[in-house]
Every structure is written in C-alpha cells, then in structure tokens.
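First subunit A sits with subunit B, and in the next complex the same chain sits with subunit C.
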Partner chain A sequence: MIKGWLWKISGLLLVFYSIIAGLLIHVPELPVVHQTIRNLFFHVPMWFAMFFMFGTSLVYSIRYLGSMKLKDDLVASQSVSTGLLFGVLGLLTGMIWAKFTWGDFWTNDPQLTGASVSVIAYVAYLILREAIDENALRAKISAVYNIFAFMLLAIFLGILPRLADSSLHPGKGESPSPMGDLDPMMSLVFFPAAIGWILFAYWVLDIRKRKRIIEMQHQL
Partner chain B sequence: MKEIIELIRKDFRLEVRQRYALNAILLYVVSTVFVVQLLFGHIIDDATWIALFWIILLFAAFNAVSKSFVQEHNARWLYYFMLASPVSIVLSKIVYNSLLMIFLGFLSLALYIVFFGFPFHNTLLFYSAFILGCMGLASALTLVSAIASSAGNNTVLMAILGFPIVIPLLLLVIKAFVMALQVTISPQDIIKILVSLFLIVAIIVILAVILFPYLWRK
Partner chain C sequence: MIIGEDKFLVVVMVISVIFIGLAVYFVLIDRKLSRIEKKQAEIFCQQKRSQDLDIRSQDKYKVNREIDISIQKKDQGSQDGL
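Now for the complex of A and B:
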C-alpha cells in the first residue's frame, strides 16, 4: 500500500480537478488576457509549490545545523531540486502567458527578476554541493549557504515590488489587487489547484527522498 | 572587542606587507575605468554611468574580498582557532573588508568623476547609498568567501555563489543612485530606500555572525 495515501491521492485528485475544471468553467471576459486567464490555475500554483519546497529545504537545513544528521541534509537538498523543477515550470508557463498577453517571452518586470534570481541562487546551491566530496562537510556548508541565500531572497522578494514603479503583474504598482477581485467561480478552481500542486510537490519530494536513500544504501 | 581590533590590525598589516594584492586591485580599477573611457568617450548617459560604475566595483569587490579567507593556510586557521572566537574573527573580517571596499570605492569614484563627471544632484543620498552599498558588498562576500574557502578554495565557486546573493543589494543601491539623479525627491522616499539598504546590510552581518561558527568547526 502507499504510505500516507490519503493526502497523496487527494493532491492528485485536486490537480486533475483543476486541470479539467480550469479548462471547462466559464471565465470572465477581460481585455488583453481573454481566455489565457485560465493559465492562472497552472502558472501561480507552480510558484506556491516552489516556495513550499524551498521553505521545507530551509527548515531542514536549520535542523541539520542543530542535529548534524545526514538525513536532514538529504531532505533539504532533494526539496531544492524539486522546488527548482517547479520554479522552471513556473517560468515556462509564465513565459508562454507573457508571449500571448504582453507580446514578449521576457520583460523587465520585478516579479521576473525575483523569480530568476531565486532560481539562479538555488542552482548555485546545487553546484556548491557537487563541488564538495565529503558528505558531512558538504551538508554543513550547503546548509549555511541555503539559510543565507533564503533569508536574503525573502527580504529581496518582499522589498522589490514596493520599490518598483510599475509592474505588469496584477496587484503591484498601478494594477488592481489580484485576490480581491478574483472571480468567485475562478477562486473555486484556483485555491484547490494551489493546494493540489503543493501536495503533489510533497509527493514528488517523498519519492525523490526514498529513491536517494535506496541509492545511498547501495553505495555503502 | 579588543580581540576584534587586534585581528583588524593583523589584516591591515598583512595587506601593507603584501602590497602586491592591493596594488593589483588598484591597477584593475584604473585599467577598467580607462578602458571604459576609451570605449565610451567622455559623455555617457546616466544609466550607463551607474551600471558601469557598479560593474567595476562589483568585480573589484570579488577580487578584494575573495582572498580574505583564501589567503589563510590551514595551519594558520588552527592557530586562530585556538586564539580567538569565531564571532570576533568574522566580525573583524567584515569590518576590515568594509573599510577596504570603501577605500577602493572612493578611489574608483574619484577616477570616475575625473573621466566622466558627476551627474548626481542629491549628494547626501548618493554618498550614504554608496557607503552602505560598499559595506553590504563587503560583508556578503566575506561570508561567501568563507563558504568558498571551506569548499576547497575554489574561485569559480566564489563567483557562482556570490552573484545571486549580491544582486538584491546591487538593485537597491542602483535604485538609490537613480533617485539621487533627480533634483527634487521627497524625504520619505529617501528615508525609505536608505532604511531598506541599512536593514539589508544589518541582516547580512547578523546572518554572517550566526552562520560563520558552523563553517568554522571542522
């Protein structure tokens, strides 16, 4: 049997629900975005899942510095990889959306800067891990870097939109707030989609973690 | 406190004794400014002024700060380990590197003004953002250099790890510089940006002090 099957299956069902309902429900006719508004159900949950993964990685990095157990380090590194997967998917879905609404794959927008800097920082984290051979030393150094990078990125993402004069993303600058005027019909799909993708991300993390543990046992 | 001052004096003496390192960075700054002058001529627009200035300073910072932990041998580390606490070591390095960066920064600024002029109107905002930016670069790169040196003194690693960390700071400083170009700015805006700059520098220093002891124990 699948361990903890309840949340895994419900995550999967929510994702399926959001894909089917997201493509079928009636969405409000808005200028410029039109039907591409449906991408909201896919693009935004990717970032939610990414932040949950990076948050998990931060928690486990802090735990590692306290406990010095290699298992905590393993969870931290695997959640970074999983988070990066969702980050790249978030960038890709966003780029496609941007091409059809703003006319370009990439624009100079504070949200895009923040997202790409986060992705670069965590790729650097993975490179740092590969550069060190010894397990305990690698775990310790990468935990330190992870905490340092996460804290600075969190501040950065908090400050950045307020400093920017304008943003193409809703809710920042002159555009209206996104959650306040979300269509009630759409929020019925959006929030389940967000929860579903987050649960799905934890499932991916779980599988990666168990795979890595098996690999490590074989090496020994 | 006395320990920190003693360690800063040691770093300063080392720098004076091995003058080649400092001279190399100075020559780097002079030659890049000169190359920029050759390529761009005299008049450049303000955005280019700011961007090139911080690119030059960023690479000078990488060169200057990266050797702060790399230059120490393993045996000497053991010696420091017995003499001083990790917190005072990292604080002394941060203070020393900040002073070095401010010195290098003002030197490049002077050169830059000679070649390209000074387009800023709000000098108070300019200099406060400038000094905070130099301090922030120095302290962030100090911890990154400690990480890179414990990962086997890899200079490529230093650049890879350093860039994502300094981008937030750099964007804030450049934002402050762009603001300083304007003749009239509301005091609230000035306070807001300087406070955010100060907070980010303070958080970098606090994180460095908390995290460095973990790198230290080998």
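Now for the complex of A and C:
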C-alpha cells in the first residue's frame, strides 16, 4: 500500500516544490528572457513528460507485436493520450513564453515546426485507432504506426532542429545550450521539476489505464 | 531570495491552491478506482467459485448416474440369471 503510494506522493511533492520554488527563487538576470526564464521549470518538464509517455507507448507497442496481448495495446494507446496532454501543455507554455520573449505566439522556428508535426503524428495515431473496429487488427496496425510516429518524433524534435542553421531555441542551431551553464540554484528546481512531472504523468497514465480496464471488464 | 513583489506571492498562492485541489482530486479518483478493482476481483472470485461448484455438482451427478445405471444393469443381470 505505502509502496504503491510512495512514487505518487513523491511526484506530487516534487511538482509542488517546483511550482513554489520555481516562482520564488532568485534567477540570474538574463537579456531578452528576464523573469520569463522561470518558465523553464514548467515548459521543459512538460516535454520530458511527453517524451516519457511516447517512449512508454513505443515499448508497449513493440511488446504487443511480440505478445499479441490486448492489455499491452491498451497501455500503448493510453500512453499516447497522456503524452498528447503533456505535449499540448508544452506547446501552450512555449507559446506564452514565445510571446513575451520573441514577441509572437508562433514563429517560423525549426523546433516549433518539429513539435507541431510530432503532435499531429500522434493525433493521427488516435484517429487511426478510431477508424478500425476490429480489436486485434486495430491493435496491430496502430502498434506498427506507433513505431513510425516515435521515429518521426525523434527526427523532428531531436535531430532536425540541431542540424538547422538558425534557431531561436537555446541549444538548437547556433544558439548556445542553457543546460551546459544552468545556474546551480535553477538546477535545484529544474531537475526535481522534471522528475516530478514525469512521475505525475505516469500517475495520470496509471489512472487512465485502470479506468479503461474496469470499463472493459464491466462490458464483459 | 524571495522577490519583494506581492504579485508573485499571489500568483504562487493561487497556483498552489489549484494544484492542491488537483492533487486531492487525483488521490480521490485513485482510491475510488482501487475500491472498484477490489470489488470486481471479489465478484470474479465468487463467479469462479460458483462455476467450480457447478462443475463439481455436475460431475457428482454424472458419477451417481453411472453408479445407478451399473446397479440397474447388475439387477437386470441377476433377474435374467434367475
């Protein structure tokens, strides 16, 4: 019982700590970003949580192709839904940040374009699932599609923005990476925030998965 | 360490209250799901037990029936012999 709740409560406490500390600690005075640098504690962990969820989905899709157990497919699909939730939150926090630093909600940046393409690829995954009625066929086709969707995510968010000549995002193109010289005080908030949001995302996935299993058993 | 503007504190307090509300909501949902899972597990156990009992009683019925038939055959055989 305690073991089951330990990681959930840890996740909640870490997120709570990151919210309080993220808004109250002293941050270095940086040009252009100024106080908006605090959004680093919210925007980036959202993407980490999204990556973690899509990664979980990939693992369960591969597992499904090996085992053909519908429970694996269920976890894969619920992971995508949860990952999309955090992806949308990541996009929203990014858009607000962009408005205050770059002057516009959306710019023609390789990272932003890659993020939107990746999110659309996963929305297509959910649409594809809805289009197929037969359970086993739906699970098999969506598992194969999911592998390609993750490859798209890795290419559009991990590789292409780094190869681009210019990018407004730090660490992409010729812009310097913020992680290399992250303020020690900020790293005391940033890393707990990342772990906390990942644990929180996993909890959301756990609840969604259990709810769906109960519904399926009730239908039987 | 703390920024002197009251605005920040107000924002922190509002976000904290929203987040605590969300956390309580999640804990309640989790506990509710656990209760339903426990109930479902009990129902499945009961169903399985009753199915096992049905199978056992059917088996007993079959065995008794076979015994009855064999006794009847024996009786018939002894009557024919007489």
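By our rule, the second predicted complex is superposed on the first by the 211 of 220 C-alpha atoms of A that agree within 3 Å, B and C clash if a C-alpha of one lies under 4 Å from a C-alpha of the other, contacts with A are read in each partner's own complex, and residues count from 1 in each chain.
Methods note: contacts are C-beta pairs under 8 Å (C-beta built on N, C-alpha and C of every residue); 3 or more make two chains touch, one makes a residue touch a chain.
A quick note: this is a predicted structure, and the numbers were derived from the prediction, not measured.
Colleague: Touch test for A:24: subunit B only (first), subunit C only (second), both, or neither?
Modeller: Touch status of A:24: second partner only.
Colleague: Determine, under the contact definition given at the top, whether A:85 touches first (subunit B), second (subunit C), both, or neither.
Modeller: A:85 contacts neither subunit B nor subunit C.
Colleague: Is A:127 contacted by the first partner subunit B, the second partner subunit C, both or neither?
Modeller: In the superposition, A:127 contacts subunit B only.
Colleague: For A:159 in the superposed arrangement: first (subunit B), second (subunit C), both or neither?
Modeller: Only subunit B is touched by A:159; subunit C is not.
Colleague: Once the structures are superposed on A, label A:148 by its partner contacts, choosing first (subunit B), second (subunit C), both or neither.
Modeller: In the superposition, A:148 touches subunit B alone.
Colleague: Is A:62 touching anything from subunit B or subunit C once the two structures are fitted on A? First, second, both or neither.
Modeller: Neither partner.
Colleague: Output check: A:203 vs subunit B and subunit C. Expected answer is one of first, second, both, neither. What do you get?
Modeller: second
Colleague: Would you mind listing the overlap between the subunit B footprint and the subunit C footprint on subunit A?
Modeller: Of subunit A, no residue contacts subunit B in one complex and subunit C in the other.
Colleague: In their shared complex, at which residues does subunit B touch subunit A?
Modeller: For this pair, the touching residues of subunit B are 140, 143, 147, 150-152, 154, 157, 160-161, 163-165, 167-168, 171-172, 175, 193, 196, 199-200, 203-204, 207-208, 211, 214-215, 218.
Colleague: What does subunit A use to touch subunit B in their complex?
Modeller: Touch residues, subunit A against subunit B: 65, 113, 117-118, 120-121, 124, 127-128, 131-132, 137, 140-141, 143-145, 147-149, 151-153, 155-156, 159-160, 163.
Colleague: Quick one: which bits of subunit C touch subunit A in the complex? Just the residue numbers, please.
Modeller: Result: residues 1-3, 8, 11-12, 15-16, 19-20, 23, 26-27, 29-30, 33, 36-37, 40 of subunit C touch subunit A.
Colleague: With touch defined as at the start, can you tell me which subunit A residues reach subunit C in the complex?
Modeller: Going by the criterion above, the answer is residues 8, 12, 15-16, 19-20, 23-26, 203-204, 206-207, 210-211, 214, 217-218.
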